[in-house]
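As written, the chains take the letters A, B, C and D, and residue 1 is the first residue of each chain.
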Amino acid sequence: MNQRVRKLLSMDTLRKIIPLAGLIIVILVFSFTTNGLFLRWNNIQSLIMQAAITLVAATGTVFVMAHNNLDFSLGGACALSAVLSYLVTGGELIPFFIMCIVFGVMCGLISAFIHIGGRVPAFMAGLCIMFAGRGLAQTVSASKTMLMVGAAQFNQLWFFLVVLIVVFGACYFLFNYTKVGKYQKLIGTNPMATQLSGINVNKYKTLAFVICGVTLGIAACLTIVRSAAVNGNTGLNLETDVLLALSLGGISMQGGSATRIRSAIIGVMFYFILDNGLLLWGLDADYVDIVKAIFFLLTVTISIDRSQYSVIA
Amino acid sequence: SGGGDTQTTGEKKKIGMIWYGNTDAMGGTFYAWANHAAEVLNVELVWSLGALDTATELTDCENLINAGCDGIYFIPMDTAANLQLGNACQQAGVYWATSNRDIIDDEVLAAVEANPYFVTRVYDNSYDVCKNMVAELAEQGITKVCMISGDPTDAMMVDRNNGFIDGCAENNIEILGTFQNPSSGDATTVVDGVNNFMTLYPEMEAILAVSGTNGVGEAIMSALNGSGKEPGSIKVAAFDTFDGNQEAFDQGWLSVSCGGYTTECLISFLALVNRVQGNVIQDGVFEMTLSPLLITSSEEMQIFSQYVDNPDVQLYSDELIQSLVGPDVTVEDYQAVLDDWSIDFVKEAVGLT
Amino acid sequence: MEEIVLKAEHMFKEFGATKAVTDVTLQVRAGTVLGLVGENGSGKSTISSMIAGVYPPTKGTMTYLGKEYHPKSVLDARKAGIQYLTQEQGTIDGMTVAENVFLGEEDQFSKVGNVSMRKLNQVARKILDENGLSYVDPKKPIETYSFEDRKMIETARSLSQQPRILIIDETTTALSQKGRDRIYEIIDEQKAKGTAIIIISHDLDEVQRLCDQVLIMRGGVYIDTLSGEDINPNTMRQKMIGRELGGTYYRADTTCSYQDEVVLSVQDLTVDGIFYQMNFDLHKGEILGIGGLSECGMHELLKTVFGAIKPTSGSVTLTEGLKGETQLKNTAVSVRNKVAYIPKDRDKESLFQATSIKENIVASCLDKLKKGIFISPRSEKKTAQKEADRMEVKMQNVEQMVRDLSGGNKQKVVIAKWLANDSRVFIMDCPTRGIDVGVKAKIYKLMNDLKQQGIGILMVSEEMMELIGMADRIITMKDGRQNQVFTRSAQLSEADIIAAII
Amino acid sequence: MKNILNFVKSYSIAVAVPVLLILVLLLVSPETRSWGAVASLLQQSFAPAILGWGVLLSMKVGNWDFSIGARYVLAAILAGNLAMQYSLGLIGFIVLAMAISIALGFIVGYTYRLLRIPTLIASIGLMLIFESFTRIIYDGGGLHLTAEYMVLGTFPWNLIMFVLCFAFAYWLYYKRRLGYNVRAVGSNATVAQTNGINAEKTKAMALIVSGVFAGLYAILSLSTSGVISAVSGTMGSASTVFDAMMCVLIGMAIAGKGSVIFGVYVGAIITQILKMGMMAIGVPTTFNKVIIGIVVVLFMVASSRSDLIVKLKAKLFKKKAAA
């Protein structure tokens, strides 16, 4: 019986389409069970705007995951970039956005430096940055209220759509059609062979962190657009949201050539649609997480490519 | 749990409730009160729990609006939440109301007051209450304290922090050391913090705690009881009801306490329901305040600990709740309920007098 | 005749569409050595793996010590007395030698589940001593020992289990002469003890020397079993390839021939503790061989020349780089300047296993394919297909995963990668390691073609015949120092070179 | 004699660092110049170290375990409330806490084994479920223990419990087969697997056994604080895991040749010293995270780049020699 279950679960075709199929099924289910609420334009509009922050951050994170690292700094780095950017620019909008991205890249570079220069696993470096970044953001922001009322004017669909299309488009291109993306996948498969194929592994790993930093900075900007204030809680749980969403999207946990950037879009949409749809159902708030978790476990169970692992990680 | 009946009649209005959680005293109590009131008033509630930052609150708000809610009630996690959620509600033509947090920015305040869908906000003056608590301690001759402060990114906590700090300055009390109340995680952190106070500052006479809920009050008492010190040799001034506060008071550890904010949530919520049902109270904006209870005697403490912020106790009768929703309700009716908030009121409500 | 320990009858193994083993029957007898010989991908590893419990056969029955035998796992087979030595690393870093020796067997030393460290170290000491490893300290972390020592420790571990059958799959190719000799001794000892031994090797002389019987496979199919006089390289070679192969497959000419122009110049190259003061020039159209014992520093020398190891002092200069004279400071500079490096450890250092053949081949030449920063998938596929066809890689298509190829075809993919980059200088470390004679011939022909095109080849080999057969000049190394230079001639013999390196 | 010398050598860093930090603390803050302060620090570190050992097990075997925080909260709330409801007494509470905690560990381990999904996924999924349960049971009321259940938090008892836990962890890690397998699977799961260690079973066992430590942590921490709240908000329990990870990371970096079990305790002491030190010099609490984050990075870099330190030393000595 166990073996038969496994056989069924390891069906290759099923596996590959499940994240997308799951997404479509969830969309269909919610479309028919919410009295049309789910498909209303307003709801779709909100969904896009809600998902944007996580989606932007997740898209850049794919580069880091492709070379087999987890970036756990996202939440803290997001708060840190926003707070520092505010302090530097005094909250003037355009400079703020630019500096946010600059500080995002700086956080990425710090991760890369600790990981590569200090030979510390990137996940642990990220964990420390998440910690220290959030702490610093809270300490610095404690002394004053950092409202950014002006940012609220961008809390509109067109702005989010433009950002999303540009970021995802650029990342999609970089990941699939340029050296930056291709090398990440090679590094993820075999770093030593990559180095001996004449590829500067450290440089390309660093580039991945830089790309991740750029998207993180943009995600921080979007967060501020949505919350109109900068504080120590900016970007709370971003790192776990991204990780959860990417897993839902069927990303390979070990990086390498099985990594697909579409995992970001499928996973993040899946994640936010679940939230949205369950609320439209009026499911009791205490049970939302349980249902979400069950969906999460089931989708991954069916979609994961076990042949990637000699031992399931 | 949840919003009562699932079958929706055309009449039944839906209110979206954005709420940080129902695991602490106030959170749990309001969760119970609001559900009860909703049943009495025949409205449906949709809860979205767990948001701790504005971006998440906004997401919840949008989802609730899309779920067809006619009104949104929330505690703004920071001042900007008023602006952002307010805008979302305005765009969707949905009424909204808040409680517990003052708006600390003039621009935001102006925007909120100009928002046609803003119903009301009810807030308390935590700052003054904190000062009063410190004054209470000063009267008992305290001169050296340590402080468990609140999250400095939270407007209400900033009020409380400042109240304590200014109160100490006015009463010539020295604050020896401070540590921040962990917003999440373990109560052991609090125990460690209090132990550190005692080792670092043996001369400490009292502890000011910005919040006693979510296990903090219990943890402070555990630390003090475990210290081997004479009960009462260190005084505690703590916000909020917590388990065992009566005992702590009688032992002499706890010497002043304050709390009872759930009423302001309820009134704000009722005002929102009233507006959603089509009753306009007055032309302009109306905003209300509540004075929390200050507890200084054992008798007060007993009532406070037993009946205030207890999910199993409904302090407001069904009749009263019904009387606060209708075409003839005025701002004064609401303010009267808020003004009535006192230990005596509680006694009466639970039939002790 | 000795007792039959194991009989595997009508064995089949299919991996999807690949028929790796088709209706093969084999038997091993106590106290004898059975050799498995065949081209790359002929199914030798596959059938041994089935015996060792790595995976179950698609069809077929095995009888072991008179009973039906269905190992469910390697552990199962091991418990039954069948030990499998592969060429992969089988020890675990971060644990001591003793712990590695008893990996998965700690129960022997436990009382009510408590493992006695003292006893474990004691017994490990004894096992190491018995296997000529008295210089190894069982309490030290395993990573303090060299690859070769670790392989020997692993072997000692297998032997300590008193196996009835010992399978050695191409283990010797990873070892130096010293290590090989040690393995030969072990085989003799085990033989005397009555252990049945299966050995897989592409070194036909080795097979001739060790085996009592040789079973030949081709394309997963049983061809023949040889014994006695029939076990000689020529017969084996002919049977495994299925046609006569010319007596020599090395270069036909016996004169040293290269152009005057220097392509690569190595000056005073030193890596402290490994090799010192290496000086030589590689010319256009030259095959420059480097010979020595495995631990003489020659492998590291090649890595250093390629830029993968930072030298303590000295320089490596490419005369005609993209911008004229270029120092090869790192691998990126080398590859950009069309220098290729084929490492000895294929699986670890040159292959992307869970990746397509296409991506492996184009890995180093993306700069050539890109327009602006854009790399078109079509050009990738075209290039990969062209080079794979040129190397005659046995594959379904270029999208196939490299990990599913047999050893020899993997090596072809590695070479294809460097051909795709139009490499002007080749640095080859044991290019025919683990390669069957057919493919070997192909690689030698390719080297010769490259030479004719004026490409310089720097080659390290542990096979003296290969050096003598292919190189224009041979530099020998001993204890990290340049020793002697031999020039190509008909008179040059293995003995000459061996005398220089020992 | 040689053994003793070796022993001293292998533990020198692990002991030296906290001693040094305590000295610094004594220097900056005259208030702490008492044995009481040191004793208090050592005791504060008991509970975090115990949870740390559980996290260590998972980290060493290569598991991602986000669920341990939620598991301990759920076990504590269930066990405490049941024990008080049925007046089971201290022993009853202990037995229940351990049983529930191990059962929850079993659920995570078994989910991993049965569904064959990465531990990261299994543990995050189950963490969400367990967190929700803490809010659903007892209507989110959490747990407040009465004094009779808190005996273990007071002085000789907490020390006794800690010593027992230490011995247990040490025994498990260095004497039991599981400990060997955990280390083997952690450094190379594939090789371990082919050598007859069932890697997936070992990983699942590590999750189950981490339940033992989660249970012990629940008992000891509740015995000091007496109170635990339901997890508020999604991932609210993750911070407990991260705090423990910080101790473990310091512990692994500092352990060197000595025992990592002791290292984790030292890691816990160091984080507590930092917290107390921050308070002593009046730095805001939010800054703790910054300092701890930086300190952990420094320790990790120092342990993985010992070559840099050697170089630095060489440079310094050269300069001295030249001067």
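In this text, a residue touches a chain if its C-beta (ideal position, glycine included) is under 8 Å from a C-beta of that chain, and two chains touch if they have at least 3 such contacts.
Just so we're clear, the structure is a prediction, and the values are computed from it rather than from any experiment.
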Far-end chain from chain A, centres as C-alpha averages: C
Between A-B and A-C, the pair joined by more C-beta contacts: A-B
Inter-centroid spacing, chain C versus chain A (mean Cα positions, whole Å): 42
Whole-Å separation of chain centres (CA-atom averages), chain B against chain D: 35
Intercentroid distance (Cα basis), chain D paired with chain A, Å: 29
Sites on chain D at which at least two other chains make contact: 135, 140, 234, 284, 286
Overlap residues in chain B, where contacts from two or more other chains coincide: 22, 49-50, 52, 152
Residue list for chain C, restricted to those that touch at least two other chains: none
Set of all touching chain pairs, with the criterion as stated earlier: A-B, A-C, A-D, B-D, C-D
Residue ranges of chain B touching chain A (in the complex, touch as defined): 1-3, 6, 22, 44, 46-50, 52-56, 58-60, 62-68, 77-81, 83-84, 87, 92, 104-105, 107-108, 111, 151-153, 155
Contacting residues of chain C [partner chain D, same complex]: 54, 73-75, 78-79, 89-95, 99, 103-107, 110, 113-115, 117
Residue numbers on chain D that touch chain A, as the complex places them: 62, 64, 66, 111-112, 115-122, 124-126, 128-129, 131-132, 135-136, 140, 185, 189-190, 193, 199-200, 203, 234-235, 238, 242, 245-246, 249, 284, 286-294, 296-297, 300-301, 304-305
Contacting residues of chain A [partner chain B, same complex]: 37, 40, 42-43, 46, 49-50, 53, 138, 141-143, 145, 147-149, 152, 155, 223, 226-229, 231-236, 275-276, 279-280, 282, 284-286
In the complex, chain A residues that touch chain D: 6, 9, 114, 117-120, 124-125, 127-136, 138-139, 142, 232, 237, 240, 243-244, 247, 253, 286-287, 289-290, 292-294, 296-297, 300-301, 304, 306, 309-313
